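Chain lettering (A, B and C) follows the sequence in which the chains are written, and residue indices restart at 1 in each chain.
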Amino acid sequence: MSQYQWDWLVIFENVTDTDEFYYQWLISGLGWTLLIALSAWVIALILGTIIGTARTLPNKFVAGIATAYVELFRNIPLIVQLFMWFFVLPEMVPTNIGNWMKQDMPHPGIITSIIGLGLFTAARVAEQIRTGILALPRGQKNAGLALGLTLAQTYRHVLLPMAFRVVIPPLTSEFMSIFKNSAVAYSITATELFFQMKQITGDYKPANQIEVVTIVGLIYILVAFSANRIMTFIERRVQVPGYISGGK
Amino acid sequence: MSIIRFVNVNKWFKQLHVLKNVSLEIAQGEVVVVCGPSGSGKSTLIRTVNQLEPISDGEIWVIDQNVADHRTDINALRADVGFVFQHFNLYPHLSVLDNITLAPIKVRKQSREAAEQKAVQLLERVGLAHKKDAFPSQLSGGQQQRVAIARGLAMEPKIMLFDEPTSALDPEMIGEVLQVMKDLALSGITMMVVTHEMGFAREVAHRVVFLDHGEVLEQATPAEFFSAPKTDRAKQFLKQILSPMH
Amino acid sequence: MQKRLAFLVAAVSASFIGHAQANELTGTLKKIKDSGSITVGHRESSIPFSYLDDAQKPIGYAMDLCWKVVDAVKKELKLPNLAVKLNPVTSQTRIPLITNGTVDIECGSTTNSKERQKQVAFGVSTYVTSVRMLTKADSGVKTLDDLNGKAVVTTTGTTSDRYIKQNEKGHNIDVKNVYGKDHAESFLMVESGRAVAFVMDDVLLAGLIANSKSPKDFMIAGPALSVEPYGIMIRKDDPQFKKLVDDTLIGLMKSGEVEKIYNKWFTQPIPPKNINLNLPMSPQLKEAIKNPNDNGV
């Protein structure tokens, strides 16, 4: 019964009435996807490390704030968070700032996506970092403090370097996820890869949606796989000789 | 002139009274062995000296500073008090050399060259100069503990604390660690050692402190303590610890 | 003579087709006859063409027309109790579902385009939409030139941004294109001041205005940037079914019944909120009803 007319070269066709090609749209979308995901990852790593560390501190107040952050940002769906940053926040701030955010901020969708995705992923990274710190033998912290290192130096030089090594595998999956999650940015006007897919498969190239969706899916797989390879490379580079992770 | 002085020290873990009114003085240059049955509070006691365990009340004076006073710069104090752990606690991601130089560089602000030069000397002293580039997980337990001792000494501490330094070691490695500790004891540094190694106590300790149920029950020279313990509990303890099974 | 010949050809071909239908069904009609059921594809929120009412039943202008087609199928196949299955479709799934045989007839708001004609066929056009601008009533935007330097929103997956881009050169204007993920969000962009105008099919804009908190704050402005026919979508290369669909629709057009159905959905209050779109027939639609055709754009 199926009479679908397959055409895998559809992305190399000219966009009707323009001098553009569909593959150029996909490349441009991929560029924004990489920019959003990588920038958000930087935010997520830095902030996530701070928050995850804060959750393990003896100071109950600081740890409480960090816990609240994690619960808040981890339990609200990403698409809702982006919507709130993009549509709700400008209405909450003074009118002139709100108007600036709405009308004059450069690339508002991209910047909001980077920040929103970064804050969301930071909560997830924080949990990994916290788990990593707690997985270290208790004596490690004492071994730093007993030599006169401050608590901050103990975290910086003793606990975090090992915690990072312990959590590289779960961090790898967060890193892969951030590319997938960046697709949500399309919902707040970012013209990234998923947006371009929706755009092309909508009214622009309505006849060969299956091929375009499949090609975009393959691009996401390729990106996630590359992310995985990069993390594996880093894991090998920082591997401690003779140390079996998960051991004592 | 005592370098460590416990004054009526009490500590509770919730309902559990683990240190009961402990008063104890250790003089500069003295080597003191603290012993007692497991659960007697001896590990807790030695950890209160550099505030790895905070105390509930009382005072502990270390190098003329009250460590229980929150105005005391505890980091500076800890730098002057070396601590050797039962489980070594070397930093697994750092080489032997970096394990030793980390604190001198970060806390004492020594140059890397100076710190490394000193570290190599210390490694020679504990017989491990050839392992300076190895990582902790590539060393035996005995070697790790000797590195840990070198790490403590690198800060040029006035006091060395040992918390059951040989308990986690295989029997054939205990000797090498004890030998390093004996050499150290003879160098004149103040040492407080929690251990079951009665041979070590007999050989180099100036004094033995017997602790049970959080109380200091006896203090005596090794000769007195081993030949004529005063309390029944000390007698019981010695009988168990010196039996052929151990 | 010529008239006679034409009559003769018509009579012969009519009898031939009648003969063929009576004896030898092909394509969709054969599938319907064999399976004893027809599957109608419908949209869930394409107001007022094809959307779900409070009882989750698809209703709308296109649905009413489709029911007429279904009636004609029953009559043609002499199957008064033909089972009618309903299958929801989206703008992403509607073409694959038609081509793979899941859905026999799609009743929604699908533009009849040459691009789509590579995969599917359309009945004669039943609606003609124009792409126009929605702005706030007090925005002062009346022509394309008023958009210079401003953000203009269109919905992802539509071609409306293309019309803006095409007009930019002729008008010497520079427009910031932004994209809402759906029509509701595009409307929100105008409502919240993130964009000055929303460029989209007039019928969708009218629906958004009618559904908004205060319809009088918005208006549809500017010229028609593009005109597109909507059609009922069926499988291609299926002349029997295509003829039945077209004959049914053309019959409704000639009898004036289409106009009645149109008014029911476009100029009167409709469920679920009893909102009136206030969208009388455009000249382009009147023309399409007068001269039925299935030309794509």
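Methods note: a contact is a pair of C-beta atoms (placed from the backbone, for glycine too) under 8 Å apart; a residue touches a chain by one contact, two chains touch by 3 or more.
Heads up on the chains, UniProt names are A = Amino acid ABC transporter permease; C = Transporter substrate-binding domain-containing protein.
Remember, it's a predicted structure, so these values are computed and weren't measured experimentally.
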If you average all the Cα positions, which chain's own average lands nearest? A
What is the chain whose Cα centroid lies farthest from the Cα centroid of chain A? B
Distance in whole angstrom between the CA centres of chain A and chain C is 40
Could you work out how far the Cα centre of chain B sits from that of chain C, in whole Å? 85
I'd like the Å distance between the centres of chain A and chain B, where a centre is the mean of that chain's Cα atoms. 47
Mind listing the chain A positions that touch chain B in their complex? 137, 139-140, 142-150, 153, 157-158, 161-162, 165, 238, 240-244, 247-248
Residue ranges of chain A touching chain C (in the complex, touch as defined): 1-5, 16-18, 87, 90-91, 99, 102-103, 108-109, 186-189, 191, 195, 198-199, 201-210, 213
Sites on chain C touched by chain A in the complex: 31, 91-92, 95-96, 99-101, 111, 113, 115-116, 118-119, 151, 156-159, 162, 165-166, 178-181, 185, 188-189, 192-194, 235-237
List the residues on chain B that touch chain A in their complex, please. 50, 52, 75-83, 85, 87, 89-93, 102-103, 106-107, 134-138, 151-152, 155
